[in-house]
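Structure below; questions to follow.
Think of it as A, B, C and D in the order they're written, each chain with its own count starting at 1.
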């Protein structure tokens, strides 16, 4: 109930602060007899890992995950899987200035208003460092989906826009995503993204990003009516990612301007749909088509440009957030977006099994 | 767990089908000693009520709510409040054709895939008729917020776009919203909306809509970190409304294109913010500013234009959805959007009381 | 969270007051395609129904249940099943005296302490009238178990002690239970129970009772480790019944005095156990043996003998609870105990399906 | 949903196996600004710690707890508190024999039936080692109760019976409990308990125990109606402890034999009750009197006497459980019983705050 927990049947409890001794999560509800090693998780953490190129924060974290429970002789046992990642690159100078000032765009002010106390060490609990737990849990969610539904399940995300620069969708090639630092599916976009972000960084500014995610191989029938619609749960999971503040399924903000007959996804025998404006979900339940969503990340709030704020005593002041930060947090959002989609689908898969199989 | 329930501490269980004997909900977790009458709920139901003008469905429902429990001598007792609304205008000819065909854009196909059975009486459980329960529960949520926080709490929504027609934000006047059939805050938009919808209706087509909601008077500190962020819960609640498929908080899809320093909401003494790009929420917790969100409704899927589909045996066919339908479901979405925002805020208010007060 | 809801996957939300217009519950999470009629529920309600003989309250309630949703053409659809029972025999003189006084042994005092308001109409929400909802939900739980596990599932309870009078276990015959007003499995106990309760009633006193419940045909593997052990969930469900305050599984209070080797249930090939001291549950998970529990009901708190208490202003006074009451509430507890066991098992069955099948 | 989690608002997720690298739990929902150090938790763990005298298992575990998150500068921050205890005395010879055989009275058989896999290292997840997490979480629950309600809150348990040996209640002195290895409140019982347990140990047998717990200083009004009654939640929490299979509140199994007027706890001005047969709870809500419960522990299932069982292939065999075991697990149950009561009360306190304050 305190918001540090994801899911209902596939669920995990996350814990830890950016500059505390460790972060981790306990993943529960996992079916037994699924092969699982630390490697299965590490490969996704490595995608999210900071410090890999000049477009991400220079904080050096190996993000080495350890499994402390719930796996026996290489297989899940059905009991809770405790994962831990020790924090390594923790420098107290990181928070010299922010101890007494609220950084605009961050949770410093609101945590203080809510709790009357705040771990001022670079965001504490509100730091994006927590997203490593999401990625780790997502790796287990993928294992469940592959084990129970099949290898055809494929959840992939890509950056389609950084600041005002968009990719050319005609060049879309999923294989490119892992080959450039921007998670872009358009090889031709890479230079433009690089040049743009270099200029943003030099100005001490930051940029937003738009990520698109596709889940394929998902059977029809996942989701629930009314309040836990599959799209509603996806919206919550995606909106809960740090810096995300907008989510759309299928064609949907654009759909406002379509006529009903344009927006209708007509159906043909063989359960085939002639289009997918609905993003693979009707009435909150999967249609068997690809599930498609788009997620907007705001520009990083930590910037070198001075901004006006107040200190913890309420007096006017200014702040420059030095530290080590991504100029565009959205980029590293890609593996996180994939992970959250995997977690939502694993949860709804177990829910579907309980009631309908 | 089956998706027919909203909330955690303020919560309600909804039930009922479009063409069954009744619909209703049980609202639970309501603090005791709050004055509550059927009138307090009815006034919001009357806003959502169909058949009030030519731009909404011609189904005639009084939507008369009865309180069956949980209120004693005019006050809440802290026990479950059972609400019931009997269905009146139920015609079996409404579903003659759709019994054997799946309507594109509707949940007919996915319910069958999930459950292997479907109440084919005009959407059954997936019908927008269920939203009456949301509005009723929302009325009680408002009572809680007003009783515990104060009369300054004000949750208001308005239609800002229908199809390709937008309002002029310079003319924004909340008082106008209740004075025209489109819930528009711009008196000058009314003629254009009317003309546009008339043409849509004549073509047997339908239109989407964009609704904006503002919650003011909400104290700082509501919300929870990480997974139950206030914006994440708002996204889920709004995305769960029938026909909604996109949600943005504050300036957020546009924020992708802003520079970090443009997007930062600077703070001044007195806990004042110089802008509100964040939509009143930072790190998932309310800042004390207005909470602002926008919600996209897709065009009504029930249209007179024939569309291709399959029948329940999987064979190709066509369907024309005659029945009685709103040409633009987004319009009547306004009281529903307000209700969901009220429900999310009441829930987080109780959660905040539990842990932090 | 407010305590009016049972279960996790098989779940129901109960509502209503003893002397309000109706009581009811919404049963959710029920798998689709199970045959269900009002008759299936009514037969269990008829067992619990008051006014059937001189050993139960003379309140006349037909307890006629109506299904308002979730069933279509005789089958469950997977959506919420709303059940309603209108209150008929509601006399305002029932609560003339108790309006201003707290009845010892009842919840009058504690509801006032908790909520600051209380529906003084004969217990309001705390009345045993609510148990009709339990029995109704239990009937649906049985249908799930029979549909998914098979007809061999059999959940039966019997009264084994009233006041100081015990049955002779050698005479145990399940067929007798429905043939006498005491739900006794020992035909020879009936006269003694009758004579005893007549004398209790004449003295204006009341008696306690002990009920034993057996669930057979339950497969091994139901239950969950650690906190939601099957026996823990049974204990909670049974202890939540009005007037129950003690629960034991298997031989267990007696087991304190056994040696380890006496208490061990030895196992033989074919997964047979040589004894069942564990009551069919080990480590919180069913063994495939009969699940056996015993439940103690305290003597009815409403008695004709005057007892000392305080009024709502805190002043000393006395009260005689006239009204219409069971001299031994435990007797009618039998169908309620069965229902709660059925509900717990249905819930754990669905949970088992989600994770382990 | 998988049973490794306790509570609703005060909640914790437990994880870890008996012979894995570590065990731990994540405590969530804790209000901010409560002083908390590892010492506050360690003192209760030290009471439960094995190997302290010859009446408990000789496994040597320091049970040193570490706080990994959620506490900043000595105070809780409102974010999850992750606790870890590394396992030290882990010998693989402990499980040489039990790898291929199911120990009667243990969860070996049922885990295999449920999950199809089992961590055979001395119980794995089902080991009583997990109860260290309960005690650690209970220490935090106590801090919440003391911080929010006051120092008068006092939760104390004692052993009142071992095997057939009972204490003399006239000698009851709480101060004695910490002064003898049996947690007995009767100094005169100590010799008899010692002699008895020595003889049990020599015979290779084991004994059960009865524990009584009192919670004082708890205000009236905690608890919830109907399904989450305070006594129902206590029953579940206590029944979930390893080896517990019976729970009674107040006078209750005995109450079956009382007359209604004997069982009624009469009330006098000043909200005083003349007796406490109800165990401090009426209608599921605390009365302000002491909350009193009794809990039966079965005799330890691990005994040196050979017992018949089957192996993992289903063939008949015998087993002698050598290893290191408590001859009476109930004794060390005392701090665990206290901890569970503290956890239930902390949870209901937060729930009460949410709805009624």
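Worth pointing out:
Simple rule for what comes next: contacts are C-beta pairs under 8 Å (C-beta built on N, C-alpha and C of every residue); 3 or more make two chains touch, one makes a residue touch a chain.
Since we're looking at a predicted model, the values are computed, not measured.
Here subunit C and subunit D face each other with the same set of residues for the most part; over half of the interface numbers are shared between them. Should one ask which of A-C and A-D has more C-beta pairs in contact, the pair is A-D. A straight line joining the Cα centres of subunit A and subunit D is 39 Å long.
Once the centre of each chain is set as its mean CA position, subunit C and subunit D turn out to be 27 Å apart.
Averaged Cα coordinates give subunit A a centre that lies 46 Å from the centre of subunit C. For subunit D, the set of residues touching two or more other chains reads 1-2, 4-5, 8-9, 14, 29, 32, 78-79, 114-116, 125, 225, 351, 354-356.
Considering their complex, residues 1-6, 8-9, 14, 102, 104-107, 109-111, 113-116, 125-126, 130, 161, 163-164, 200, 203, 205-210, 220-229, 231-240, 245-250, 252-253, 255-271, 274, 277-279, 281-288, 296-303, 305, 307-310, 314-316, 330, 351-352, 354-356 of subunit A touch subunit B. Put simply, subunit B touches subunit D in their complex at residues 1, 9, 29-32, 78-79, 225, 350-351, 353-357. Those residues of subunit D that touch subunit A in the shared complex are 1-2, 4-5, 8-9, 11, 13-17, 20-24, 26, 28-29, 32-33, 68-70, 72, 75, 77-82, 114-119, 124-125.
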